[in-house]
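What follows is a set of structures to go through.
After this come two complexes, each holding chain A, first together with chain B and then together with chain C.
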Partner chain A sequence: MFNNDLTNLTMLVKNIESFIQQHSENAKLVYKVQLVVDEIVTNIIKYGYKKEEENTIIVNIRSFQNLFTITIKDNAKYFNPMEHTLPDLNKHKELKKTGGLGIFMTRQYVDKLDHDYQNGNILKIKIYK
Partner chain B sequence: MFDDLLKITVKDERRYILVSLVGIIDNNTYLDFVKRCTPLVNKKNVIINFQELKYISSTGIGVLLKLTSLSKMKGYRVVICALREPIIRIIKLIKMDKLFMIEESMEDAIDLINSDYKKKKK
Partner chain C sequence: MYTVERKDNYVIIRNTQNRAEIEFNNISELSEVLKNLMEEGEKKILIDFKNVVYIDSAGLGVLLDTMKKLKANETELGILSISKDVLEVFTATKIAQYFKFYKNI
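The block that comes next holds the complex of A and B.
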């Protein structure tokens, strides 16, 4: 659990590395889980909350035999990454713009992503080992 | 606060500047990367060694793209090398691999700059 401050996010990304390494020998999973958590939480902090307000985001990562589950809870405005319009990659290539890519990158790496809204967003993510 | 999360080493060689990255590039460390590299891409070819870079977010990839564009405008190149497999994979997934000059190793990157230099000399 941490406040909606991007400085806290860096420590979380760093801590994910040791957690994943403890539960999987697949080094590729470290980057996958780091990227998914980083991009989603960044999105919540930047666009879900007002900058001057202090809010909380809860990130829970659990390891099971064949998968990692990630639950991310906030009390920000409604945002379902699965309903997010994906960027036109050809346009991005031509214009050399990168905005909006974070959610696209996330969707490439998750095996399952469910969204629910109950006074905040609840994202339940599965990444297979 | 984030000094230990991204270490940037710069070595000025005759035909290129070698930038070695150790750590992570995310929302908190990317500004340091921008500040250190922007003046470099404006004056010479730059090789960025990713061998010890463990993590890069979409923000970091965006910065890399901007540095590549800046360099091109000045008639130079940015060559990135020794990327870890998951980082190469995500760059390919977002179809940006054609926008970057990517080499497998630092030696390959140096060879590329040197062969460019020889071609220009002819």
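The block that comes next holds the complex of A and C.
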């Protein structure tokens, strides 16, 4: 659990990295999970909340035998990454809008992503080991 | 922190950290170096990724944006000594097609 401040994000990503390293020796997997959490949380901080508001984002990561599950909860406005149109790389303006490239990267790297909205967004992600 | 050096016809940008991460929090540093080299009229720019262990979408976005500006100016922007894991981010996002990759020069 941490506040919606980008300076806290670096610490979160480092914690994720060390958690994954404890449960997998696959460097590629460490990179994948780290990047997915980084991109989603950055998007929530940048686009989900007003800058002056202090809010909480909850990131829960669990390791199972063959997969990692990641749950990310916020109380920001509705945003479902799966409904997001993928950007046209030739039009960079599209990439700057609502973190188009970050969402695109996330969708490339997750094996499953479910979205629900109950007073905030709940993202349930699966990444297989 | 970045250093800039010349080799043959190329200008090479290098990150001085051992395990460098190019991300939202620090992308303005690289962006500034690239902007200065563009303004100086450099025609062949290489970014050395040897020490780069991580790049996020903000980093890729700046590189893509710079690449487009440079291309319009007939300037080449290449990536040098990239690791397999970081290269995969470029290929997964289909951004690799916009860059030339060099093992070494």
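Keep in mind that, in the parts below, the second predicted complex is superposed on the first by the 119 of 129 C-alpha atoms of A that agree within 3 Å, B and C clash if a C-alpha of one lies under 4 Å from a C-alpha of the other, contacts with A are read in each partner's own complex, and residues count from 1 in each chain.
Keep this in mind: a residue touches a chain if its C-beta (ideal position, glycine included) is under 8 Å from a C-beta of that chain, and two chains touch if they have at least 3 such contacts.
Keep in mind it's a predicted model, so treat the numbers as computed, not measured.
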Chain B and chain C placed together on chain A: clash or fit? clash
Next item on the list: Pick one for A:T42: touches chain B only (first), chain C only (second), both, or neither.
Entry: both
TODO: In the overlay, answer first, second, both or neither for which of chain B and chain C A:R62 touches.
DONE: neither
Subject >> Which superposed partner A:L101 touches (first chain B, second chain C, both, neither) >> reply: both
Worksheet item: Should A:Q34 be classified as contacting the first partner (chain B), the second (chain C), both, or neither?
Response: both
Of chain B and chain C, the partner touching more residues of chain A is B
_I'd like to know which partner A:K14 touches here: chain B for first, chain C for second, both or neither._
first
Chain B and chain C footprints on chain A meet at residues 6-7, 9-10, 27-28, 31, 34-35, 38-39, 42, 89, 92, 96, 99, 101-102, 104-105, 108-109
As the complex stands, chain C meets chain A at residues 23-25, 54, 56-58, 60-61, 64-65, 68, 85, 88-89, 92-95, 98
In the complex, chain A touches chain C at residues 6-7, 9-10, 27-28, 31, 34-35, 38-39, 42, 89, 92, 95-96, 99, 101-102, 104-105, 108-109
Per the touch rule, the chain B residues reaching chain A in their complex are 1-2, 5, 24, 26-29, 54-55, 57-59, 61-62, 65-66, 69, 84-87, 89-90, 93-96, 98-99
So, in the complex, the side of chain A touching chain B is made of residues 6-7, 9-10, 13-14, 17, 27-28, 30-32, 34-35, 38-39, 42, 89-90, 92-93, 96, 98-99, 101-102, 104-105, 108-109
